[in-house]
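So, here come the structures, one by one.
Both of the next two complexes hold chain A, though its partner changes from chain B to chain C.
Moving on, here comes the complex of A and B:
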């Protein structure tokens, strides 16, 4: 029983990282119909910002997410203005390849600037509290709180604000949205900023339980795409459900099946797609 | 006029003779040729295993610098110096294989250091065919079980050789700890470590619990730590795991209330401290050498951290955990060259294979390294001579720093 509780705690924190990762990816895929292969590097830049602010400068942790969101948003805007907007009429392949190249450039730049050593960041909280015979590691608490907070803010933004409404309109039909007089170019920038903020916070939270390195985001990219496909391309609720499903499958799988869980997780996704090819929350 | 011409001719002759003398002298100087021997290093310079790889690059480079500043090696009319070419394999099989091939086929390297298990195993026969002398740190004993004339030697006391002494020392030092479990990578290295630990646990009288394997690149160790803690081990062994992983495992073990012993391999307290913080690494056992003056540690390796910091170059400026170890391993190769008075890999190999040959092991005062020992011969039979034998440390981390537990001197 204690072990089950422990696995659930692990699964919750893992799911929330997957969700933060996948919601940003799905937003971009839903609006632009393009895979952003550099999204893992957005997360990595969030981690680097945390390292510089917390480990190097000794500033309070609370500064890290805000600074990371500003830095990663600027990178997102550069991507939109430099790659995605100029290539908006060239289909999905060319911008996707451009993001692939950008991913390598960003990794190499960080390698040159910071070296290849794993960069340690102190945990936001340390220690643990005991519930029965199970332990709740305190470093998971900020991930759970931060993850839920970001998801709630995203939900409120998309569902309750005019900009959110505009994003949803853009997701459904960009031409129709433009005919309604919407400033498409500005809304595209907002989408990038939102997706970048989600990646930045994922980077901040991930660096507190792991270490920062040039390739820290690429390991999560495959899982992020898996969540997006399982949840349904472009669907934010789908990313939520998919993230929780994959987080729990992964956590239980790794605990009870060891490293074979990778195979188990992807077999599960294949099963979902056989039954529902449009994904858990996708529309036909 | 005639007298003037004669004087002029005599002067010309004198100048010509002098010039000839000077030219003759200088031509005898240029007749002594300069040649640079490239030492190839394939190692992880990025990723979780980078603390090892950067240590290896630093250690081999500094040993080569010392070889050169001690006069290099002069054979006949040729003066040889060494330079190091280090390539990053990011602890990845495909990249390691590519690097070793590049060094062997394209760069014409004749002396090599390899690190990554599968890449080194795959290309060991090629290196033998090409007569390239290779020193490796691969844990997998199959690297020793090559044909007897193989050009690959393990210059690190592989875990199959160390395991019995390491676990016996734990059992003696911590008599209340009775069970051990391994948390390691699901690859060749991890499986080899697991098998060696199982055999050594039985010999030491420790209860051996089911091992837990994880994939390299894991960022969140909580599921694996949850699984291993469910077995309630007194000792958790993460030997062979990359430094970054060991740091994260230490952090996760601490978060889940583990109070037993976390034992690992050649990993430095300073690197672990950066990743995990102080509390999770207190009391950890490693196989790193604390560079503390006054003991058996030699002054040569005590001076390495300052040299690493002072060295120019983008991958320098920081002292790494295990530079002492790779410096000493490279020192064995370069000492073998000097003793063989040759830069021909086959001749140097013959020196290494010579019965009773002893080489300088720089880490320890008056340290000696030999190839083959009763212990390694008992394990590897006729191939025991491909395994180095030297003293090695067990380290206890106290107050975030490495301290010596003991130094094991193999019989």
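Moving on, here comes the complex of A and C:
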């Protein structure tokens, strides 16, 4: 019983990181119809920013998410203006390859600047408290709170504000939105900023429970894509459901199946795709 | 496209040049590079043909690796002769590709690219963890070497690298001939139009999905054959030889050469081999900068040179026409202009 509680706590925090990651990814995929292979590096930059602020400068932890959001958003805007906007009429494959190239550039740059060694960041909270016979590790608490906070903010933004309405309109039909007099170029930048902020927060939260390294994003990128494809391309509720499913499958798999969990997770995704090729929440 | 008569002889001359090349360049180092170049050309042709139906296969080296492991395991465990294991090494990757295509080819292009990356991770993981069959990180060795004893000839592959070069060359030439034949047939035109207007094609009653399956399976068949040459050549095969990075390098080669023509795939692969050769002459501290250089090439080519090296000649011609052709006067008048100045 105590072990199951432990696994559930782990699964919940893992799911929330997957969800943060996948919602940003699905937002970009839904609107630009392009896989962003450099998105893992956005998370990595968030982690590096946390390392610089918390471990190097000794500033309070609360500064890290805001600084990371600003830095990663700037990178996102560079991507939009440098790659995605100039290549907007070239289909989905070529920009995707370009993001792949950018991802290697960013990884190598960080490798040269900070070295390949994993960098440690102190966790936000430590210790654990007891619930019945089970222990609740305190370092998971900021992830659960921060994750839920970001997802709620995202939902409020997309569903309740005018800018969110514009983003949804853009997702449905860019040409029709442009004909209504919307400034497509600036709304695209907003989408990038939102997606970058999600990645930055994921990076900050992730760095408090694991090490920061140049390749930390790559593993999460694969998982993020898996969540997006499983949930349905471009669908934010799909990313939510998919993130929870993969988080729980992954955690339970790791606990009860050991190293075969990698195989198990991908077999599960393949199964979902055979039964529902459009994803769990996707439309045909 | 109808080529001028003299241009049709260029490939033939090139093939003859490649056949006599080992007579002059028989240092093992260059032979090794040429061998890898030929095998990469086989892979690149496959990547190009799958690209022409709208998909990028970044896991091509994994199918190549499957071919390598197939031939090695068949020769070592089942004691197959090389010439029987060789075609099998093409069939098994093709079957895996067909199974993978059942899921992957139903997705849109960019998501297929992701699925190939996932497949790469999955099969690499399988190579590493299934120690009983694939030997884990250390791989399997020694792969037995083929030997031809017929018609009074005795060619022993174990004593020289040159037979491997000719085997790779013959396989590459056959692969290219088959591909060029396919691209010029009805099948090739169907593939080309899948990349352009898939919905229109589907409405003419052609099963687009089957065509995509054929393209993927054929490309993986030839990739497997290339792998079958690699395994006895290198004699020890490990999972790290078939990583994602090699796949990206091949995709990059196809892109740099020009994605609008199969010739571009060959030219691009030669360019990448030359680049690799340049890298080996650089000081060893720069090794960590190499991925960055490749990344920059990838992004810059996509942004500023989307038609690749092959398209460059056309662009240069257009530019010259633009600069000089504004005056559509006969040359004699131009001469007068020069005199007047």
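The rule is short, and it goes like this: the second predicted complex is superposed on the first by the 284 of 284 C-alpha atoms of A that agree within 3 Å, B and C clash if a C-alpha of one lies under 4 Å from a C-alpha of the other, contacts with A are read in each partner's own complex, and residues count from 1 in each chain.
To be clear about the criterion, a residue touches a chain if its C-beta (ideal position, glycine included) is under 8 Å from a C-beta of that chain, and two chains touch if they have at least 3 such contacts.
Quick caveat, the model's predicted, so the values are computed rather than measured.
Chemist: I'd like to know which partner A:181 touches here: chain B for first, chain C for second, both or neither.
Modeler: Neither chain B nor chain C is touched by A:181.
Chemist: With both complexes overlaid on chain A, does A:58 touch chain B (first), chain C (second), both or neither?
Modeler: In the superposition, A:58 touches no partner, neither chain B nor chain C.
Chemist: Should A:132 be classified as contacting the first partner (chain B), the second (chain C), both, or neither?
Modeler: In the superposition, A:132 contacts neither chain B nor chain C.
Chemist: State whether A:93 touches chain B only (first), chain C only (second), both chains, or neither.
Modeler: second
Chemist: Have a look at where A:263 lands relative to chain B and chain C in the superposition and call it first, second, both or neither.
Modeler: So A:263 only meets chain C here.
Chemist: Kindly classify A:111 by the partners it touches after superposition: chain B alone (first), chain C alone (second), both, or neither?
Modeler: Touch partners of A:111: chain B and chain C.
Chemist: Quick check on the output: what are the common chain A residues between the chain B footprint and the chain C footprint?
Modeler: 111-112, 259, 262
Chemist: For a test of understanding, state which residues of chain A touch chain C in their complex under the given definition.
Modeler: So the residues of chain A in touch with chain C come to 33-35, 82-83, 86-87, 90-98, 100-105, 107-109, 111-112, 222, 225-226, 229, 233, 259, 262-263, 266, 270, 273-274, 277.
Chemist: How about chain A: which of its residues touch chain B in the complex?
Modeler: 3, 6-7, 9-10, 13-14, 17, 111-112, 115-120, 122-123, 126-128, 130, 135, 137-140, 206, 209-211, 213-216, 219-220, 250-251, 253-256, 258-259, 261-262
Chemist: Which stretch or stretches of chain C touch chain A in the complex?
Modeler: Interface residues on the chain C side: 54, 56, 102-103, 106-111, 113-115, 117-118, 121-122, 125-126, 129, 248, 251, 255, 288-289, 291-292, 294-299, 302-303, 306.
Chemist: Which of the residues in chain B come into contact with chain A in the complex?
Modeler: 44-48, 50-51, 53-54, 88, 90, 186, 212-215, 217, 219-220, 222-224, 226-227, 230, 243-244, 247-248, 251-252, 254-257, 271, 273-277, 279, 314-315, 318
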